[in-house]
Amino acid sequence: MLGLLLALPILLVVTAAASAVVAKSDRIARIVGTAGCLVTCGVGVPTSLVAVLRASRDEIRYGWTLPVGELHFGIDPLSAFFLLCIFLVSGIAAVYGAGYLLAYAGRRRLAPALVFFPLLVAAMATVVLARDAIVLIIAWEIMSVASFFLVIFEHDRPEVRRAGVLYLIASQAGVVCLFVLFALLGRAAGSFDFDRLSGAALTPGLANAAFLLAVAGFGTKAGFWPLHVWLPDAHPAAPTHVSALMSGVMIKMGIYGLLRILLLLGPPPSWWGVVMIGVGGVSGIAGVLLALAQHDLKRLLAYHSVENIGIIALGIGIGLLGVSQRQPFVGFLGFAGAMLHVLNHGLFKGLLFQAAGSIQKATGTRDIESLGGLLRTMPVTGALFLVGSIAICGLPPLNGFVSEWLVFIGAFLGGAAFAPGWTVYAILVVVALALIGGLAAACFVKAFGIVFLGEPRSDRALQAHESGAAMRGAMLVSALLCAAIGVWPAGALRLVAREAAELARIPAGAGPSLPMLSAIPRAALVLAALATLLTLVRALLLRRRAVLRAPTWGCGYAAPTARMQYTAGSFARPLLEPFALIAGARLEARGPDGPFPTSARYARHFGDMAGERVFAPAYRRVLHLFSRVRGLQHGRMQLYLAYILITLIALLVWQLSGLGGR
Amino acid sequence: MSGISELLLLLVVVLDLAILTSTRLTTCIRTSALQGVLLASLPATLLFEAAGRAPLHVVALGVFLLLLKAFAIPTLLFRAVRAADVQHEVEPFVSLHVSVLIGTGLIAISFWLATVLVLPRLAPSAMVVPAGLSTLLLGFLILVSRRQAVTQVIGYLMLENGVFIFGQLLVREIPLAAELAILLDLLVGVFVMGIAIYHISREFDHIDTERLTTLRG
Amino acid sequence: MSAAGTLALQLAMLLALPPLLPGVIGRVKAWFAGRRGRPLLQTYHDLFKLLGKGAVYSRTTTWLFRAGPVVSLACLILAGLIVPLSGPRAPFGFTGDVVLFAALFALARFFTLAGALDTGSSFEGMGASRDAAFSALAEPTLFLVLAIMCLPGGAPSFAGAWTALSPVASGVGRAPWFAAAAALFVVYLAENSRIPVDDPETHLELTMIHEVMVLDHGGPDLAFILYGSALKLFVLGAVLVHLVLPFPASGSWTFAATLVAGELALGVVVGTVESIMARQRLQQVPQLLIGAFAIAAVGLASVTFQGVR
Amino acid sequence: MIPFVLVVGPALAGVVSLLTRDPRRALALLLAVSALHLGLAASLWVAPPVKSGILGIDPLGLLFVTTTSVIFLAAATYSVPYLLRGTHDASIPPRRFVAHLLWFLAAMSLVMLTQHLALMWAAVEATTLTTAPLIYYYRRPQALEATWKYLLICSVGIALALLGVFFLGIASSAAPGGARALTVSGLSAVAAAMPRPWLQAAFVLALVGYGTKMGLVPLHTWLPDAHSQAPSPVSALLSGALLNCAFVAIARIYQVCLASGDAAFARGLLVALGFTSIAVAVAFLIRQGDYKRLLAYSSVENMGVACLGLGLGGAATYGALLQAVNHSMCKAGLFLLAGNVLREYGTTSTEAVRGVWRRLPLSGALITALLLAIGGSPPFGPFWSKFIIFRAALDGPDAWLGVGFAVLTGLAFLGMASTLLPMLQGGEPRPGRAEGVLTVVAPLALAGAALGLGVALPPALADMLRRAAATIGGAP
């Protein structure tokens, strides 16, 4: 089985090479690239699914001419689960992309998108399969590079170039942390092989350092606040199916890395859990608030990735606390919820991004304020977007609810079971999740309502049309999977039970069972039944009554226009004001002045505090420092020669002064 | 008795100072030529004092040195000066007085260094190390403080002379081939520099290297 | 009492009792104002009338507008089947049901708001925006209250909480639960858009929150909405009452009776509050909700320091 | 015999090339000689190296003489279209260009192959003198300025190195039986007996001297000027081959210090200078306005890495050698490609160049690949060398060195990327004039080499690296 799984990345690389060869013809390249991805994912999904359910463990080692370790790959439930996510989301994204890329046909070469997409998938799969730090880092770097080239696919747009550079900086910063992390671990264990690393006896100090480095290094890719700054730029910049892939699974590689390291590091102290809870809470709340402030649909979704990563981190935090507080069941719930949310987020975020892409393709804009009423022109996309929205808000009967529910239960139980000092953190998780949920619901009422409901706010929105079969199909599959997990949580739990138990340090075979999960499908059933019943009742009542169409009640105003509709900005305002600090609010007001005021302006801007107030100034400072250093090369040769003389004398004095006495 | 070599070396140092203080390019060149003469006679002298007799190849080397340092190189430099037709060193960064002060300071440093760097074997002359070092450092000083390209070449020559003085301690260890190769390099080097100066003067109609500062950052 | 019996009784209560509460509140307010006021059963009458009417739909609206009231009502009914009314064990109660309970409220709200936005009317959009904001801010308090409620039982479920809360089982002082109740009461007012958060009797669209969102609904849809809001009062009220009154540890008529009594009392209280308080300025509502959160936090603190196990 | 041919052959060929008037013939000669040179160098790998007096072959020399002739072959191939297209000033006949190139090759081969330090010094100085006219190949004022600085700064530096060599001789005279011939082996034999001050002073002088040539900060000042002004094939040679000469020279002196028993002082010096070079070079990489200068500063950074590795010793020595080889391949390729860009856009200003990907697809792709390679991202060769050195630094006594190294190399990559990417991206969709085969085949080969070094390091090469590292203090 492992052999087969290892063959898949190779197949993908071959696909990439093939589509590079036929790059001259966009059409053939599109066919080749998509087909390759489809075949691979078609094989990969069932294989990894079986691997997860069978909880198969296996490993392979190959030799290596370089003087560092060996090629060591392996599969275990954790890897298998993430493989499943990768192949599932990638497959869907590939299908969608086949349709979506047509929008570019003729305007630019499609080859880059078709070469680097399989490469990215291959790299992610390798990251998950690697059992040696070097292999992991190599795959990690290739993943970053491939995704970078996908991000700058439309490299003639300046904002895309800016996003690209920012992304590059972020991934470099992250990978430096990983280098240090693994070098430290390797130093302690004398090897980069995970088997040796997990066996290594680490001093608490080293373990803590490793944990923090992992949070920083993997967190940059995952998009923990405040390391998320690259994310809201990079995801919208990329072509939609890539955004779906990046947001859906690539940032989860950070989560995978973190979990893998946690497995290697041994029993965690309680404060690790608190750190994760803090990170998760801040990321979740800041992410959703910033999402509320966005008017660019894809940017909004990108910020929701930060939010969902926050939820995942909260789950991991509960898990860690559960382990350290000797409450394995709580830990199990936390980790299970976190990991199930990884899959769920992959599904519904992919769905939402794809819907956003369809909208962009249909209307040529992502600006929420100029959309509206699309539910009539794009019924399928609209309905699917609604499904995605309900799912991402963590509402029943869809998958988002299940994973958040698991974390909630974990937190509730932990609140009752932890040692007095630590219960508070568990309750904090409950509160944070509640707030995130409430804000997310508001945000997606806004997104869905302003984009799909009401009257079109611009001609573009008026001329929208439903998107092609490939794109609709891809979205439909994601939606169905969201519903499936939502109504059959017991089945979904089996995907994460083993690895969650492992992370919760529960001995194999003693995997806990959650009978209450059966209540969720029952509730869903009742809900559906009630809804249909009520619909029937209404139909009966209205059967021989007058049902009229009329204009919307304008409160007495005779000539309402589409521009009078409530805007996204004004919708979000009352929610953002209380959090003006986190949301980085800026007021731009120019009141009417003079005896005969001509114009007045009032605008409220919300920005990303981490980016604007922390990183940008630091960046400027560094650049300033460097420009100072560049003064050394001033062109005066005499001084150049003086450098030599000074260096010579300095080094001589350094070396000889020590010996002068002898 | 090693009086002559001591004297030679002392003179070399004096000539260093002389070059340091003179602003007329031609004077500088002549002085360095004179220094060349002294150095050319150094190896034979040293060996004569040490062993009472000087092997032939060393004498031959001396003659070659004479030709090189006292005639060939000065001629090249004169050519360059004529091409650029400049007479005086334009106002250097550090005024002459200051540079003399620094120069004496450098000489002092080199004498201190000579106390740290005790010659492992009985030296033919105690002056070798300090003289070599001070010639080297003063050459460096000129390189750093002067603006005319020609003067800087002279500084480079002084530097080389300083190194050459140390070389005198190893006359036997360095095969003639290597010795000749080194000297050939010196000749070609000065030759190429002369060409460069010619081009500079033709390109910018000055050889004030201070103005060659377009390449920055 | 058998499971089927519980279900039947609970359904009956849910169908029959909720519309009573607005009546009670109305009467209390009338009494304060020195008016006779509308009859106690007015809401039943309104509902009956509306169910018999036809419907007018805005040309702007889509299927979502029609789905709104149905889905919301379905959610609220299900929520009503999750919270115990006639015994500590509700028909659809299970471990973790409290989360589902809250989530159902959120889902109901989602569809109401979407329906409001579907009309494209700026007034309804405004109402939706305000309602979204206030309920989002109320959400943490609601969950915090639920958490405090569940701590003694050790299981996140109403059943666990009630059994632990019943005077027989609870070995702990009730102070935390009174704090929780106080916080929940504020949330209760906000969720049901009563004074001081919203004034259900206002007639100026600019100042409305809930009422303005349903301007375009009529006929059966409006009936569903009306019944839904009554149901919301009743169901959320049940939780509030549970926090305050001592309940028998087992399902019985006394249990149900206590609940009904409590609900009626709650109606009176709400009526009193609406009569003696003025409506808050919208900008101050967040402070109000944050205050409620603070109260709940105090409750949490006292729970944790009593070391509930 | 073969070493002798490797040195003298190109020199004579250079003289011969002056006789012909036809540039094509000169170029044919150039190609033939460089191919033969590579062939002979390769033959040394199979034939066991013989040590003979002044010209002796050890793994270190063999490794780098081969690298040199590879780079030289690439540059030679590239200069064919370069000269024939007449992108240069017609007033200088190409044959002189060819002659200087060949003499340059001879000098470099001598540096790599001689065991005699004085002779090696002469050879290094010779490289300066043979390349100076090449840098002034375009009769441009800036080129002249660069040439002048190159000449003077390098000559001065090298003079110090000569003094260092003399110091070694003087120090050796402390040994019983008096001074030894200035061969590495001879000096190593008596190194233990050398008085510390002389040994240390010798190493400092040699390090400063050859360090100037190698481009270690703050002695590097000539490097960006010369590299940016020279014709592209020459820049490629300067960066890909010349810097290695200085590296080898330092390594040879270091060899003697090692033989003396404790080389801790030398290590400290190497580490200090190497780290400084990396740190300062980074500052020049970011926001660099001239892409050839950018590449030059990246050379400073990479040679700094090699120097650091040499100083760290142990496993890092292997890394340092690998790093030097990797850097030669990548940087030579990049300079040649820079030549293509320069030909297409007619400027070296980064601001003025846009849309290379669209106008020169092949060159653009190769630049991208080599940018990633030199930036140290896998699976290219430099990743390994940098990683090995990083690991050694982190395992070493002071781990902060490793952290700093990681951060700085990361910054270096970002600096290069943020300068080069804007040139590659964007631009209008119209393709430029077709890219001739000869203008891309050499860079392609070099990029392939860089990739190959990372993906599958040939066992023979790995073994040679190990043996070479062993001679300069590398742990097996």
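When the chains are written out, they are named A, B, C and D in that same order, and each has its own residue count from 1.
Going forward, contacts are C-beta pairs under 8 Å (C-beta built on N, C-alpha and C of every residue); 3 or more make two chains touch, one makes a residue touch a chain.
Bear in mind that the values here come from a model prediction, so they are computed numbers and not experimental data.
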Among all chain pairs, the one with the most C-beta contacts: A-C
Interchain centroid distance [CA atoms averaged], chain C/chain D, Å: 78
Separation of chain B from chain D, taking each centre as the mean of its C-alpha atoms, in whole Å: 30
Rounded Å distance between chain A and chain D, as computed from the means of their C-alpha atoms: 44
Cα-centroid distance, chain A relative to chain C, in whole angstrom: 35
Where chain A touches two or more other chains, by residue: 630, 633, 637, 641, 652, 656, 659
Contacts with 2+ other chains: residues of chain B: 116-117, 140, 143, 209, 212-215, 217
Residue numbers of chain C (touch at least two other chains): none
Listing of all chain pairs that touch each other, if any do: A-B, A-C, A-D, B-D
Chain D-touching residues of chain A, taken from the complex the two chains share: 65-68, 108, 134, 137-138, 141-142, 145, 152, 155-156, 158, 161, 164-165, 168-169, 172-173, 175-176, 179-180, 183-184, 186-187, 623, 625-627, 629-630, 632-633, 637, 640-641, 643-644, 646-648, 651-652, 655-656, 659, 662
Contact set on chain A toward chain B in their complex: 630, 633-639, 641-642, 645, 652, 656, 659-660
Of chain C, residues touching chain A in the complex: 51-62, 64, 66, 70-71, 73-75, 77-78, 81-82, 92, 94-100, 102-104, 106-107, 109-110, 113-114, 117-126, 128-130, 132-133, 135-140, 142-144, 147, 150-156, 205, 215-216, 219-221, 224, 282, 286, 290, 300, 304-305, 307-309
Interfacial residue positions of chain D with respect to chain A in the complex: 148-149, 152-153, 156-157, 160, 196-197, 200-201, 204-205, 207-208, 212, 218-219, 221-222, 224, 265, 269, 280, 282-284, 286-287, 315, 318, 355, 357, 372, 377-379, 383-384, 387-388, 390-391, 394-395, 399, 402-403, 406-407, 410-411, 413-414, 417-418, 421-422, 425-427, 429, 456-459, 462
List of chain B residues in touch with chain D within their complex: 116-121, 136, 140, 143, 149, 152-153, 156, 159-160, 162-163, 166-167, 169-170, 172-175, 177-179, 181-182, 184-185, 188-189, 192-193, 196, 199-200, 203-204, 209, 212-215, 217
